[in-house]
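In what comes next, chain A is part of two complexes: it sits with chain B in the first one and with chain C in the second one.
The block that comes next holds the complex of A and B.
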């Protein structure tokens, strides 16, 4: 992708940015690249395998990346929402990051393969995505691609779970969460998890038992998902990062749906829109309150 | 709280209910219910907080982890918050918690959210009695506690 490489070269040569965070060819498919030398800009690529959400590297918790200096970041539509979220929550400043948006027509679920985009191979995150051109950008690159193949896997799974009885749902989650090894990869991959000290690591008082027991796992995931309410950008990196393949995206998407239904808020690319959990309306739904 | 199932005077299981109430309305309301000598189920343990928005959803999770069978969260009616807007924020948080608990398989009847004002001693009595009755029907919430021993 010459356009992207030329732009990266120009930005690095001018000294506008010190590092370009993008994608490069790796041993197992595409991997994130941190280009600090204009001579290396030729390594940058963008195609349907570029599934990672690079906004996670703008997170101020990533000190090694922050040390490199002013970043430019390659974003898809879903990643642009994460950048907007970080700006909204005052984690980064809009004028201290260069956003290189790429037009995206969906990415593969498994970035190690290079198969055609079909409704089976396309990432679940692309189901229902209507952002071809990220609005939040300094540069916009690429051809306008067709919409990704339709895939309703997530919606169908949530609908199937909602049909179950409460006890059956309990058993489903107990079984799924019993596999959790508490590696916290879901948190590390998440662009919106930027707390210096996570509640899961607090010991005075200890809110979340650090051991990988089904009980503690349930408390951990409940807490994580609640902290993401109204902040989750639906990039599903938590689910992709999970080494135990726990369908964390189901929880994320369910809470996002619940926020949308109740508070009419959807993760968006406008940093000026207030986050729903830090706001209220006097006539919010209270059918569940006695 | 002990891990043992608590038994009533007749030896039958009796639920443990933890109530997180705000200082300004519900606590005073509960006090009124007490001084008015209203008959209430003795299962509810009241924890007084400054405001319903002080209730972190983790309090509720922790209560269940430590052996509560049910939780009551109660504060001032909307518009009456001592801090003007605390309960509006709390309402949003509880709404999401309510949905998520249901999705994760916790009976929503185990968690009662209510607004009880300082003058509503009668309403507090109803909330306590109804919640206790509902949880008696559901049975002990052993699932979360019982999972403790299942080490991986």
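The block that comes next holds the complex of A and C.
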């Protein structure tokens, strides 16, 4: 913690950055912090409650953050994949952001609690974590903690979905998505949704009806998750934002698993590795073209 | 006002009678996706209800202003356009066990719904509804109803208010609608009234410590401080997702769209909208007067605590705390209001404000 605070203080004092985006203690658990004054650097913390993916604040749509000036951002290994995604897709420049990576032993599902990390309390995204020591960084802090306990809930949910017939899976998602109110909070909170104009809001032609009807909800979420294929970093900001508590992370993970199987690609920390959405390989599997 | 006593058995019977008479009964129930959470949903019997367990995730808004609803159907013919409007009368519904803040929110929103244009769909549902609230005892640290002039035992917007007493509930019967629903039950005795008063007093104390009352002059301070630099940094952590507006019982903005089913026919719908997204103020020219989240969040605060009161003499907030609970970015409305009120007060008294932790 002191290491993090000292680094933030130094970066702000020497003027390398104008803001350090990190975590602080809020009235109800940990929350994102925006430290612009070196004297406030002591507020910064990092622990197992730091679930938020702060890379979201580097997304150029967060104009209120961009206007502060050059940022430093505190990332876990999983979050670093989103920073890499934003660099890969030319949304930010590598040399205009200072990446403070922290070694991480898993985070809780709910940032408002402070329970021990167990297979019940740990976030579903920490299962099988292979980025406890982030590779994309300017500074790497902390000791390497032991691997987090594994929460199998997501794997079990996916296995259950795969056992269903196509019609049953269709019904499952139609039912889940019937709760969608088309507020688009999932998109707004997503670090990787940066389109200036989203297809959901194009009116000439109107690709997707704006009303929260089963047909339009399905069209919207299908469009979004397909656009996220191979780009989603499984940070679950969409699911945390959804006021209707739709398991959007499950949908995204399901698609991410398909991408991995089909294209041997997982969203990674190396901005130089092209994602399937933006690359063409002659040996891509084409069995679906008939 | 009368006070009646409903035993658990009589409340069970009341729900059964209403359901048998095809009245829609809405009450807090355990959420299907997460049994720790509670949502308002139509119920069939009292056993399904989770009364006073915790605050519901959503408010009552969706039962009066659905997230999407059809306003009219249209069809183009050789002669012109056939328009069929939807009926504005609603079938009867009884809300059981709502928190008093949610019932009060409906009355706050009535003002704008009956302002320059009378929203018949809203008032049709309001007229068809009887609201039986329950003393709130499930408040948490995000609640601040007492700061908004309400309380966990507010009568506002409710037709009756239930207070748990031994073996059942004491019902404060507030309106003729409440009397029509509950007149067959016996009058409560003095002992029950005294025990209810103790419970109500305890509930008020629990929430009062969360935030001091919002003073009437706060509204004018906000209006005068529209350009205060504080707005630039107040919403840094806000993603602009609008989840706050979705769960807010008083946010009522909507968007009206026409959707074609075929080339000649379609529906006109209205859908919930939120000032927290950039499209809300996007002009056809491409210009957007609210460029960043700082301006959009300022709008949220200004509308609730300055613009609405200047027009309707009350704030557009019931202190239910849902925006804070729902926010993925950790925005904290009671804390933020406390900081803003402290700033306003320090300006008024000329004292130095303490360091901001916004």
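Assume the second predicted complex is superposed on the first by the 290 of 290 C-alpha atoms of A that agree within 3 Å, B and C clash if a C-alpha of one lies under 4 Å from a C-alpha of the other, contacts with A are read in each partner's own complex, and residues count from 1 in each chain.
The definition used in the following text is that a contact is a pair of C-beta atoms (placed from the backbone, for glycine too) under 8 Å apart; a residue touches a chain by one contact, two chains touch by 3 or more.
Everything numeric here is computed off the predicted structure, so don't read it as measured data.
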Room on chain A for both chain B and chain C (clash or fit): fit
Which superposed partner A:247 touches (first chain B, second chain C, both, neither): second
Apex chain A: angle to the C-alpha centres of chain B and chain C, given in degrees as a multiple of 10: 90
First, second, both or neither for A:285, with chain B first and chain C second: first
Partner chain(s) touched by A:265 [first = chain B, second = chain C, both, neither]: neither
First (chain B), second (chain C), both or neither touched by A:139: neither
Touched partner set for A:183, first chain B, second chain C, both or neither: second
Partner chain in contact with A:213 - chain B first, chain C second, else both or neither: both
Superposed arrangement (fit on chain A Cα atoms) - minimum chain B/chain C Cα distance in Å: 5
On chain A, positions contacted by chain B and by chain C: 181, 209, 211-213
Chain A-facing residues of chain C, complex: 31, 33-34, 37, 57-58, 67-68, 141-142, 232-233, 235-243, 245-247, 255, 257, 259, 269, 271-272, 274, 276-279, 291-294, 324, 326, 328-330, 332, 334-335
Partner chain B, residues of chain A touching it in the complex: 161-162, 166-174, 178, 181, 199, 207-209, 211-215, 218-219, 222-223, 225-226, 229-230, 251, 254-255, 258-259, 262-263, 276-282, 284-286, 288-290
In the complex, chain B residues that touch chain A: 57-58, 61-62, 65, 78-79, 85, 88-89, 91-100, 102-108, 112-115, 127, 143-145, 147-148, 150-152
Of all residues in chain A, those that touch chain C in their complex: 26-34, 36, 52, 56-57, 61-65, 67-68, 181-189, 201, 206, 209-213, 237, 240-245, 247
